[in-house]
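Two complexes, one shared chain (chain A), two partners (chain B, chain C).
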Partner chain A sequence: MMREALGVVELLVFPGFLFLSWLALYFEWVDRKFYAKLQYRYGPLYTGPKGFLQPFADFVKLLAKEDIVPAAVDRFLFTLTPILMLALAFYALFYVPIVPMVRNVAFGAFEGDLILVIFVLTMVGFLKFLAGWGSTNRFSAVGAVRTAFQLLGYEIPLAVVLLTAGMGAGTLNISLIAQKVASNGILASALLPALAISIVCFQAELERIPFDIPEAEQEIVAGWLTEFSGRRLALFRFATDLELTLAAALTAALFLGGPYGPAIPLIPVQVSYFLWFMFKTTVIVMVLANIRALFARLRIDQMVHFSWRHLLIAAVAEAIFIQVLLAAGVIA
Partner chain B sequence: MGLGLVKWSRIKSPWILHFNSGACNACDIEVLAVLTPRFDVERFGMLLKGSPRHADIIVITGSVTRQIRDRLVRIYEQTPEPKFVLAVGNCAGTGGVFQQCYNVYEGVDKVIPVDVYVPGCPPRPEAIIHGVVKLLQKLQEAS
Partner chain C sequence: MVLELLTSPPVIFFIAVIVSILIFLWGGMIAAKGEKTSGKLAPYACGEDFPPERFRVDVRRLFIYGLYFLIFDAFALIFALSFAKPGVFPIIFAVLALIAVIVMLPVKWYE
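After this line comes the complex of A and B, so read on.
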């Protein structure tokens, strides 16, 4: 009985919906604030302490704004895509170890959940395409086609590199991979190139500079998001924040051991999980923000060219490298 | 309580759309200075948005030429409620040096309702920020 009650708390409060929502807004704040610092700006400053409540204020404001449905849009897709994208982003996060409470693994962990999460990541990209396509706006349509084209570029290297971590750890359960990586230093260091590749791929998945080609505001207004306003835009922004959370949590879990790490003396193990998780994911979000500040936007052909010529080859080389290490018995 | 939260969020997160209705670019450069590191209005939660569907405040520069009138009205209608209009510069207020030209409307308020006027040719970035603060004060005082 106690166990079930704890499970409900884990689902709804911590590290369930409530904590994940907080985490998504927190990461948006870290991203914006660090990005601003790199540009010698302050970023959000007066909304809550250090502008901490800025993402929340944006969210509430958009929820309360007029929700326009243009006459020409496909009403079904226009309504479905924001809700489905938010739901999928939440759904995938329950398979990634964040702060394991009851069992020592993620809430929904099972053997093979890595495949499921990769599928959800692709679905999210595809939903962006559908959202833009359903808007029947010329800018949305161009943005949607670019999203789909970009998906062809980053998706395969990303899948290869995520599965490489699974190969190295000998399991497809994200939580078990994280435990293995956290306890095996050789595996963790052999996966460092994979970490770099996955960060580049997630930057493309999240459509951030230099891969913000689908929403290039100087060319195509706001890309696939152009026609969305009010509540729908709020849901999309929130889903994007959750996607950022998913990217950071998944990268941290697969390549850095996620919440698992050396025990910190004198505190309960759950608190150390929380501290390790926040530390690793915040660093990853800062790296993503740093890439955003460093580069300018690529053209779509440059992006796909880069993905297939360099990123995919690097990902496959990394997979072969891990296989060789496994065959040589270096990784126990 | 609920309405108080909405009002707070509106004041804390004004997103702007920058619209040039026939300005000479001087006002536009000052608007950009507001957004870039020296004045950095993201401190107050202001972001520049590309799509009128995402914006709260339309920042209009220029004296509304006959050619751009229909586009301006359409952009205004595309913006979701509640929306506000900030007329930046003398041209946007009164037509400025283009007054009595055959091809201008002599001010944004001849075409769409305006909430705050910021005079100047061009107004300094501080003046534009002051205009936005006036607008947010109006919002604060409205019930």
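After this line comes the complex of A and C, so read on.
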């Protein structure tokens, strides 16, 4: 009975919905604050210590704004897409090890959950297309088509590098991959190119500079998001924060060992999981923010060509490299 | 038993949808209720007169990329299922896919 009670707590509170929500808002704060520092700005400042509560305040403010549904939109898609996108972003995070509690793996972990998470990532991209398509607005239409092209560009390299980590570890269970990577230095260093590729792909998945082509605000207002306002926009924003969390947590788990790492003396194992997880993911979010500050926006054809001609070839080459190492018996 | 049920994929997804709907409904409860005017319900167009429209996707172009997508999705799936037997066959398969992308990409299909 104790285990069941702990399971419910793990699902709803820690590291379930409540903690994931906090984590998403925390990563948005890290992203904004670090991005601002790189541009010699202050970033969020007034709400809470160093503006820590600003993302939460923004979320509640947006939730409380008037929700306008334009007369011509597809009402079904207009309501379905924000809810489903938030649900999928929450859902995928239950398969990524954050702070393993009851079963010492991620809450929903099973053999093959990596493929499920890749599927969810594709579904999120497809929902963005549907949201723009259901808006019946020119700006949304252009944004939605760009989202679809971008999805075709980054999806395959991303899937290949994520699966490469699975190949190297000999399993498709994200938690077991993380354990294997954390305990095998050769595998972890052989996966470093895959880490770089996956960070670039996630930057495109999250539609951040230089891949913010689908919502390029100087050209097409807000792209596929143009018609959304009030609580629907708040849900999309929150889902994007959760996606950022998913990107950081998944990258950390597959290529850096996630919450698993050398035990820190004198503290319980769960606390060391928490500290390792926060350290690794915060560094990844900072790298993502750094890329955002360094580059200017690409054109959509440049983005698609870049990902098919360079990113995909690099991803397949990395996969071959890992297979050669496996065949040669270097990775035990 | 209860734990197995709780950690099964459909149950987690169901609870995630419920949580999302609750946040959505909470937003509806605290949201400001404004007056619906015809200007407010028109599509956003920066003051210009754009009628609402459904767009058409450029099928030819999307078809080409869709074809590549299919090839590599099949590649990724077979690759994913090869993990029990690493070595020669996944490498040959990956090299074939790599040759396909290097040879096929410069070809102009639709001009």
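Methods note: the second predicted complex is superposed on the first by the 332 of 332 C-alpha atoms of A that agree within 3 Å, B and C clash if a C-alpha of one lies under 4 Å from a C-alpha of the other, contacts with A are read in each partner's own complex, and residues count from 1 in each chain.
In the analysis below, a contact is a pair of C-beta atoms (placed from the backbone, for glycine too) under 8 Å apart; a residue touches a chain by one contact, two chains touch by 3 or more.
Treat the numbers as computed from the prediction; the structure is a model and nothing was measured.
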item	value
Partner chain in contact with A:R32 - chain B first, chain C second, else both or neither	first
Which superposed partner A:I199 touches (first chain B, second chain C, both, neither)	neither
Residue contacts on chain A - larger count, chain B or chain C	C
Contacts of A:A57 with chain B and chain C, given as first, second, both or neither	first
Which superposed partner A:V221 touches (first chain B, second chain C, both, neither)	both
Chain B versus chain C as contact partner of A:R41, first or second or both or neither	first
Partner chain in contact with A:L298 - chain B first, chain C second, else both or neither	neither
Chain B versus chain C as contact partner of A:K65, first or second or both or neither	both
Shared chain A surface residues [contacts with chain B and with chain C]	60, 64-68, 221, 226-227, 230
Chain A to chain B touching residues, read off their complex	32, 36, 39-47, 51, 53-54, 56-61, 64-68, 217-218, 221-222, 225-230, 233
Complex contact set, residues of chain C against chain A	2-3, 6-9, 12-13, 15-17, 19-21, 23-24, 26-28, 30-34, 36, 38, 40-46, 50, 52-55, 57-58, 62, 65-66, 68-69, 72-73, 75-76, 79-80, 82-84, 86-88, 90-91, 94-95, 97-98, 101-102, 105
Chain B to chain A touching residues, read off their complex	5-6, 8-10, 12-13, 37, 40, 42-45, 49-51, 53-54, 56, 78, 80-82
Residues on chain A engaged by chain C in the complex (per definition of touch)	3-4, 7-8, 11, 17, 60, 63-73, 82-84, 86-88, 90-91, 94, 102-103, 107-110, 114-116, 133, 135-139, 141, 144-145, 148-149, 152, 155-156, 159-160, 163, 166-167, 170-172, 221, 226-227, 230-231, 234-235, 238, 304, 308-309, 312-313, 316-317, 319-320, 323-324, 326-327
